[in-house]
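The same chain A turns up in both complexes below, where it pairs with chain B and then with chain C.
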Partner chain A sequence: MYLSKRIRPIFFLLFPFTLIIMFVIYPIVATVYYSFYDKNTGSLNFNNYMDVISSTNPLYMLVSRTLTRTPPWGALVHNLVWVLVHVPLTIFLGLILAFLLKYYVKGSTLVKTIIFLGMVVPPVVGGLIIRFMFDEVVGIFPAIFSFIGIEALSKTWTNYPQTALFALILGSLWIWLGFSVTVFSAALESIPKSHIDAARVFGASMRHIFLKVIVPQLKPAIMIVTVMTVLWDMKIFDIVYASTGGGPGGSTSVLALVMYSYFARALDYYKSATVAVILTLIITPFIILTIRWLKD
Partner chain B sequence: MRGEKRLLAAIVAVIAIIAIVAAILLLYYKPPAPAPTVKLRVIGPWAGKEAEYFMTVLEEYKKINPNVEFEYIIMRAEDLAKVLPLNFEAKTTPADVIITPWGWFIAEMAAKGHVVELTGYINKDDYVAGILDPVTVDGKIYAGPFTMWLKPGFWYRKSFFEKYGLSEPKTWDEFKALLDKIKGISGIKNPIVTGDGVGWPVGDVAEHFIITFAGPQAQLDLIEGKVKFTDPQIRSVFENYLVPLIKNRYFSEPIEWTTAIELWWKGEYGLYFMGTWIAGMVEDANDIAFFPLPGCKGVVGGTDYVFIPKYTPNKDIALEFVKWLITEGQVVHASTPAGKIPTWVKAAPEKLWAPMQDVFRKVKELGLSILPDLDDAIGGDWQILFWDQMKLLWVEPDRLDEILNTLTTQHPKIKGG
Partner chain C sequence: MRRKVLKTILINLIVWILALAWTLPYIGIVAISVMPYREVIIKGWLRIPDVNSLTIKNYIEALNNPLYDLATGYKNSLIVASISTLIPLIGAALAAYAFSNLDFRLKPLLFGLILVIMMVPQQLTVVPLFFLYRNLGLYNTVQGIILLHSAWGIAWITFFLRNYFKFLPRSLIEAARVDGASDFRIFSRIVLPLSIPGLMAAALLQFTWVWNDLFYALIFLVSRENQVVTQKVVMLKGEYHIDWGLLAAGSIISMSMPVILYAVFNKYFMRGIAAWGVKR
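Moving on to the complex of A and B:
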């Protein structure tokens, strides 16, 4: 069958476009529509947004109205804390580990495989492992702190609002570190050996080589890891759901968990859509940043 | 001679006729086909030993209905409540028969038309009074009650009490003295171990304190929203009784509740507040006994409800099974070490598992009235919030007012006016 040059691309694009409309465009439009839909009056307004933002239920609260030194601070703030703590640690430890494994450790492939295990573990299982890691009876962290005599940290971390959020963040570091180490290891391979040799010839120490030669050349990889980690942190769900369920006292709740709770627990699909839109609006700048960077 | 020949001919003729009739019958008669085997998928909340006891019930049913096979799927009530609404909205069901302790959830699903009505199959008078109320919507019954558990008080090992010369307390002061004695025993971490999971064990302890010190009616009024958590009557229960015990480390920090059983059994803790099912989870049920807080006049009791989703393809077989399960099936279950008693009043008490007969006798002797579970009765989001806030209280007792205020403002009957 002959198709003219003008028709041919349309013919081939028809099927994928139909799928995209059905499974991407329509759900997005519907979610935005539902976020404004008032189920009580049947009209479109901002009531869902007002209710979601002003909720004082600790398990649904986006931002706490009272400023306290320890969580709960609200799901949105917890996500931001996650980003502020988890991203720098992931970058820093990922860089150091990748560097050490390349230049100082023999048989580093085995070590990399072990580090990468965290990425292979399903997040829900990861959440349960984290819960046990910080458990007073069987956990490694409380055992270590008990051994060195720090009483305040030798209890079950996930039971206490002061430590629960940080237990999850530290635990997720183990899960996500495999990604950053892999990316940085691959990027390190692309740095010509002659650059390192030249620096050595000029008498640079390994610390200087790392900071002045390697890190600048890893900027693209650092960018990728940063953006991906931020996105991962903003939509974190499984780990929190499986380990603490957002508690105690809402001190570990995050946006995605609030969205899920509205959807599957309260069966309020409209407020769930509202949280989804808020979450998307927060993530969008990072996505735009990534796309621009990839274009460059 | 001729007569003999005739007789012989007649016999041959009769035999020939019988043979022909038999041949025709063999040719055309088809014996009834055996009933086809049907597999019923049953979702229940029990795992481990509890699941084993329930499997005994299923096996018993298979003996009288060999054409029915079962696939038992474990799903906790809190997980079920998240998964099922989505299935039902899509007009599907993950099982033919579902068992959950959350009556409010079944009522919610029934109101949306997702549950098979059982009104015609259940005689209300055959069951413990009021047990069907949570699953009755507009006068129609949507689930049958299975066996019942009680949350009667603090469990202890008789051998532990004997070894250290301890006895059940009769007054609050004696209770505190008992805790001090246990605290002083070498190897004891805390006098009372606190169970954890998603938070219900700590909620149960709080309810027991409310029933004891504010009275059984306060429990009912809290459910109805007639009394608030911030009311002086309730606040004083927490402030004067529960919080001091938490602050003075009489309770352990929350430990996963099945692990807590093991640690309590090993002697790291002296007491454990838990439901009667604990009797079926310990090595020797004859070595355990319980006491409620001195002066307590009520005990929280609840049941697991059995319901049939509207979207099951095996509705009739499921109905037959449920009818058996909520009557004779209860007798089988209560005779196992599941730690349950029947809600079916026609069940013979002597068939109850022996340790449960003792529990039941003691509850009667103490004159404890059976009350609905506070968070099960209120249900919904508030239930999760209650558990979460109680867990918070256990580790941050100084935040009592904030916690009570949260529970009050989020109570569906107070929040909704």
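Moving on to the complex of A and C:
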């Protein structure tokens, strides 16, 4: 089969790009359009954005107007808290584990296989398991705290605004740690063993080797794990949907859930599109970073 | 010297305790799914199980009770995930060949488009597709969600395979070209057979992602006979009362497919993920 130079690329690209244009590109453009569509007047304006941003219903609220000690603080704030707690823990634990697994631990492949399992299990099931681990009757965490005698933490964590969000964040660490350990372990392979040996010969301590030899060389990997984890945290949905559904009283609501609530509960499709656009705008800097990194 | 040995032992101990802690939730749901719930409440589940009281009643209930009907969900998931793996694999292999072996004017633009699509959140597409699907009769159909998953799959798999194709031995392709082989022949006889490990990794990751999806399914599959297993498992959780045995059994059923694939092919999974973090 001979095709002229002009037609050849079309032969290879026609089928994949037809699907992409119909089911990805067109809907993205249309979502942006719908996000401005005012269903009362039929014109394009910022009313959807105003309504979405100013909503004070705990199920739809993006940022709470009043400062309270416990959630609900609004979906966007919950996402940000998620990032602030989850990202450093993921990086820190992932780095240390990858380092220890490579140089000190026997049976490290098995440990990695176990930790990575969280990446394979459906996140919905992850969410249900989190609910299970923090359950008053059957869960481990309340049992431990009841044993030490801390009354406030021996209840079902996901049922109380004070603890629900934190339970989910801790659970997401359990699910996502496999990503950071795997990426860091792969990156460690590229550090020549001679560097470590040289440092050892000069009597460098373990902590010294970790901080002065390993961490600097893993900077690109740390970057990518940070960015991917931020994106994952900002888009988080399944875990919350399955474990708390955003409750109690909106105290675990997140952006993706607000988008879904406008769609499935309020049946307000245009505002749902608005939330999707807002979510995308917020993560755009991280998307650009990743694309730049993927390009070369 | 002795201090060093002690330190190594201590590190091993700590890491292994952490690894065991990481398995505890899985052990928990397996245990609770086969124990009578009354026994769990009294004695807990973290113990050597009493073999005589073990039961698979929860599994049968979750699979067959018409209220939950995970069996249908499982079947639907299998159909959706298999076809939504096959279609994008073919489409992406074609596109990846064009990006790695052909020259054309729109190449940088189209490749940039692929990268952008890979990163865009799912939420950004569903509203217009919901309208479109309602008009086309694709709403609440397995076909509709397959088309959607396939289109998303094409984007990331194209990127993934392009990197793979680029590192195939150039000399083989050049030699075939000198012999007058057409591009399609080079693609089907040289590039594809050499890329089987890459195709495998892409297929496994795509299958798992589609299987694990909840968001698209919630939006586009609404009737019982079309819903997939990830939707069905959430329904096992009652509004006020949770039957943990039933929910645990349902969780294990719905995670069984990706976990089995992972157990058999775990190198492909880990390498596929690691490829994201290591610059080649």
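Following the convention adopted for this analysis, the second predicted complex is superposed on the first by the 273 of 296 C-alpha atoms of A that agree within 3 Å, B and C clash if a C-alpha of one lies under 4 Å from a C-alpha of the other, contacts with A are read in each partner's own complex, and residues count from 1 in each chain.
Here, a residue touches a chain if its C-beta (ideal position, glycine included) is under 8 Å from a C-beta of that chain, and two chains touch if they have at least 3 such contacts.
Small disclaimer: the values here were computed from a predicted structure and weren't measured.
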Clash-or-fit label for the pair chain B, chain C on chain A: clash
Chain B versus chain C as contact partner of A:15, first or second or both or neither: second
More chain A residues in contact - chain B or chain C: C
Touching partner for A:264 - first (chain B), second (chain C), both, neither: both
Partner chain(s) touched by A:155 [first = chain B, second = chain C, both, neither]: first
Partner chain(s) touched by A:57 [first = chain B, second = chain C, both, neither]: first
Which of chain B and chain C A:105 touches, first, second, both or neither: second
Contacts of A:221 with chain B and chain C, given as first, second, both or neither: second
First (chain B), second (chain C), both or neither touched by A:186: second
Touched partner set for A:137, first chain B, second chain C, both or neither: both
Residues of chain A that lie at the interface with chain B and also at the interface with chain C: 135, 137, 264
Residues on chain A engaged by chain B in the complex (per definition of touch): 56-59, 135-137, 155-156, 159-161, 245-250, 261, 264-267
Touching residues (chain side chain B, partner chain A) in the complex: 81-83, 85-86, 196, 198-199, 253-256, 259, 263, 380-381, 384-385, 387-389, 391-392, 394-396, 399, 403, 406, 409-410
Chain C contact footprint on chain A (complex, rising order): 1-3, 8-9, 11-13, 15-17, 19-20, 22-28, 30-31, 34, 97, 100-101, 104-107, 110-125, 128-129, 131-133, 135, 137-138, 140, 143, 174, 177, 179, 182-187, 190, 206, 220-221, 224-225, 228, 231, 235, 237-238, 241-242, 256, 259-260, 263-264, 269-270, 272-273, 275-277, 279-280, 283, 287, 290-291, 293-295
Residues of chain C defined as touching chain A within the complex: 7-8, 11-12, 15-16, 18-19, 22-26, 28-29, 32, 40-41, 44-46, 87-88, 90-92, 94-95, 97-98, 102, 104, 107, 110, 112-132, 147-148, 150-152, 154-155, 158-159, 182-185, 187, 208, 211-212, 214-215, 218-219, 230, 233-234, 237, 242, 244, 247-248, 251, 254-255, 258-259, 261-262, 266, 269-270, 273-274, 276-279
